[in-house]
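Dropping a structure here in structure tokens format, bear with me for questions.
Note that the chains are named A, B and C in the order they appear, and that numbering of residues resets to 1 at the start of each chain.
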Amino acid sequence: MELSVFLKNCWYVAAEPQEIGRHLTQRWIVGEPVVLYRTEDGQPKALEDRCPHRRASLSKGTLVGDEVQCGYHGMRFDTQGRCVHIHGQDKIPAAMCARAYPVVQKWRWIWIWMGDPALADEALIPDLSYNDTPGWTVVGGTLHVEANYQLVVDNLLDLTHETFVHSRTIGNAAVADTPMESEVIGQEVHVRRIMQGTPAPPLFKRVRGLQTIDRWQLIRFQPPSSISIDARGYPAGSDDISQGLRWFSINAITPIDERSCRYYWTITRCFDLDDQALSQLIHDQILATFMEDVEVLQAQQKLIETDQRGRPEISVRADLGSVSARRVVQRLIEQEAQPAAGAGHA
Amino acid sequence: MELSVFLKNCWYVAAEPQEIGRHLTQRWIVGEPVVLYRTEDGQPKALEDRCPHRRASLSKGTLVGDEVQCGYHGMRFDTQGRCVHIHGQDKIPAAMCARAYPVVQKWRWIWIWMGDPALADEALIPDLSYNDTPGWTVVGGTLHVEANYQLVVDNLLDLTHETFVHSRTIGNAAVADTPMESEVIGQEVHVRRIMQGTPAPPLFKRVRGLQTIDRWQLIRFQPPSSISIDARGYPAGSDDISQGLRWFSINAITPIDERSCRYYWTITRCFDLDDQALSQLIHDQILATFMEDVEVLQAQQKLIETDQRGRPEISVRADLGSVSARRVVQRLIEQEAQPAAGAGHA
Amino acid sequence: MELSVFLKNCWYVAAEPQEIGRHLTQRWIVGEPVVLYRTEDGQPKALEDRCPHRRASLSKGTLVGDEVQCGYHGMRFDTQGRCVHIHGQDKIPAAMCARAYPVVQKWRWIWIWMGDPALADEALIPDLSYNDTPGWTVVGGTLHVEANYQLVVDNLLDLTHETFVHSRTIGNAAVADTPMESEVIGQEVHVRRIMQGTPAPPLFKRVRGLQTIDRWQLIRFQPPSSISIDARGYPAGSDDISQGLRWFSINAITPIDERSCRYYWTITRCFDLDDQALSQLIHDQILATFMEDVEVLQAQQKLIETDQRGRPEISVRADLGSVSARRVVQRLIEQEAQPAAGAGHA
């Protein structure tokens, strides 16, 4: 597997909304430094975090109105990256531009388009609407992972690992023992695992007192790296979700570079909305669960990097979803490399 | 000197016996990750520490009977590295194999064969029998050294350095001032330095109260990287070792990668066998002595790596042993690269 | 801009005088390890800090009279790098030489010539005479900067940045708003900025109680990397420096390697020579000022190293001095690469 090239003409999560404000914030995304901020009217904006003059870090400068002033020699750039002021001279070279990236706040996250700005279309933002739907409440956070982003995507598209990695929270033998079904729908990959009459995993017991349950995992992958999991568990045979648990595990993975990524995650549920203690419990348990993944993924990354023999990976039936998702992304990357590339992954 | 290629068809020390048990232990050897464990009947075993499925670290999994279960998706591997279980499917791909390495416990250490398993022959394990001989008692340990393993081998084949590096324990002017003799015998290199009527070095005084001594150093190199030193000191002219000191300094150096190694060492002696305080003294003094080497070797490694001019090393008479040893190993590496390579270094 | 090659036939500052004595001190200069020491009669000397025998670090050895004894096998080298002693043998191979570098103590610093020793000429040491002139008193120090040395040179040749980086000490709006003049004189670059009737920056107020001043900055670059700044400020229109402030900011930047350098600096003044509290104030304020630069420069270095698109830098009028200086150095490097290179940059 080649893990080396990133899709650019697509939306990645750049930050959580509360991280970006009337100050300058640096983020590395697909190998590029980005400075993020909000204009006086609250719009999120992003420029390349490299002054075109001498490569100083714009994020170490200051925000002057809606302009970013470089902290080294004071050049100022507007929200489009155009230089609008150079101290000591009136003429501004036409080439004195910082690259501007389209940015949109949607579904509780701030998204950035790292490719050709002319192709940026908000309609292409992955549908993660359950992050922002009335009647649902959200907990979440962001993790830094020292592994290629595709390893995190693989992880979320084959939940077999819950049995082995997460037996303290959401995993038990039923997960690994139950086959999955996988389907490619356009550019999406859908994976489904339905377990009937199975013991509830530890966290389901704690959250809803469930014992023997029917359990559904409906996974939806949207390129380049969003995975939402419709997770349901209710008393076996009851077909009554009101007695059970339903939440979406929503995940968006943003490459920092080829060997690290930021992992944005939420759990959004439609029961006991006002139970703060429950929200805290879910947050803490899911965070602990994902930290178990981080340990596995970081070790995996090191073993991939150091593999000198380069034998092909051996796939099993449970990999069908992740292999399909890699193919979708690979195909989009290849399309993007074409001279006459069309608009994003539409 | 090229420090870049490792001999594979040979035995390296992989661990001390007590380090390996009913748990999974990771070691990096000649650039490869290895997972070591013992079967229920106590046999040491080793597999490549990379799951053939998705390169997860098997050593982060669990031991189930005599099988290693990957901690990520639960594939199980037998002691030969064959996959014997995949959750959720009955058919096991023939290629789903982890590499298995021959492992043998001998001479107080666990040895591993990193090359072609068909060529592994216990008779090729270097003769370090004094590590495990009745009437001798052993102290020892393992050091991590951030230097190429050949630099440690060089160090042990030219003890001239004791005068300059180890004047607090085993070195004094007599060592450097006395010429050595060197001889290649088959694939072994023997170096001998005999000092007559010389002051005892500090540690010899502390251990046996010696003053003026005859001192022998009989060094035996066996490829790829074992060095045993028959060290003797007794009252000058007495020819009576019972009044003196005799021990073997036994050393086996295992490459981790091109710039680091594990250094397994023992001192095995044939006097005052039950004197625990003496054992502790010898252990502590020799450890302190070898840590002096580590400091020198790590600085040397950095200066070799950063040398841009690449002038040849200038050798002196005292280097004859180490130069011979390098030639033996180089010749074996070249033989191994031949298509019809014979069995090991037999 | 290519930042990759160093001028060798020139003088770099290797150390402050009090750092070098009757002990062995290691310094990395233009990518090479150097061991510095003083002979019994106080002369500074420098050898390559790599034993020609096996690349051990000579600086970990000992000084025996005026000879450096390697701490590994005891070879001894005289001040010219010639091996004069090998334990256990009388014959010394002719090639057993450590490289010796010409070293001179001048203008309060120790200078080293990293190129062809035959071309070393003390007359080529940059004129930093105000470091050592009766009637002037000096404070100073050395900084380690994780950035290419040219970025520090650029910094000092365009003081526009004082407005944005150093507003707490020596910068205010007047600096950036006032144009500079630049001139190439032989191999030197001179930059001048004269500000009339401008508010004194904070440090000038603290040091001399100045309010509205005429302020001069006369910058002199001497290759490869010395910059002295004749800084003057006096009551506006008075033309009377005795009521004002005059000091030289003297700077010499020595490459460690392509991504780091040592930055030697002094402030030498001709007023209130005996005021220790004032000396301490100036030292502390200038150190804090330069640490602001270090932060900017280190971020800049990272952004240059990670720039994948390689667009050219966009220069402005204020860059004229630094661009000229880079050209001078580039031309000298190209001359040095000629087979029949003449003597240094004379």
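By definition in this document, contacts are C-beta pairs under 8 Å (C-beta built on N, C-alpha and C of every residue); 3 or more make two chains touch, one makes a residue touch a chain.
Just so it is clear, the model here is predicted, and its values are computed rather than measured.
**Q** To the nearest 5 degrees, please report the angle of the rotation taking chain A's Cα atoms onto chain C.
**A** The rotation relating chain A to chain C comes to 120 degrees.
**Q** For the homomeric pair chain A and chain B, should the interface be classed as same or different, according to whether the shared residue numbers exceed half of all numbers used?
**A** Answer different: the two copies use largely distinct residue numbers here.
**Q** Between chain A and chain B, what is the gap in Å from one C-alpha centre to the other?
**A** 47
**Q** Which chain A residues sit where two or more other chains touch them?
**A** none
**Q** Given the complex with chain A, which residues does chain B contribute to the contact?
**A** 31-33, 49-50, 52-57, 60-61, 69-75, 86-89, 93, 95-96
**Q** Within their complex, state which residues of chain B touch chain C.
**A** Listed in rising order, the residues are 154, 158, 160-161, 163-165, 176-180, 295-296, 299-300, 303-304, 306-308, 311, 313-319.
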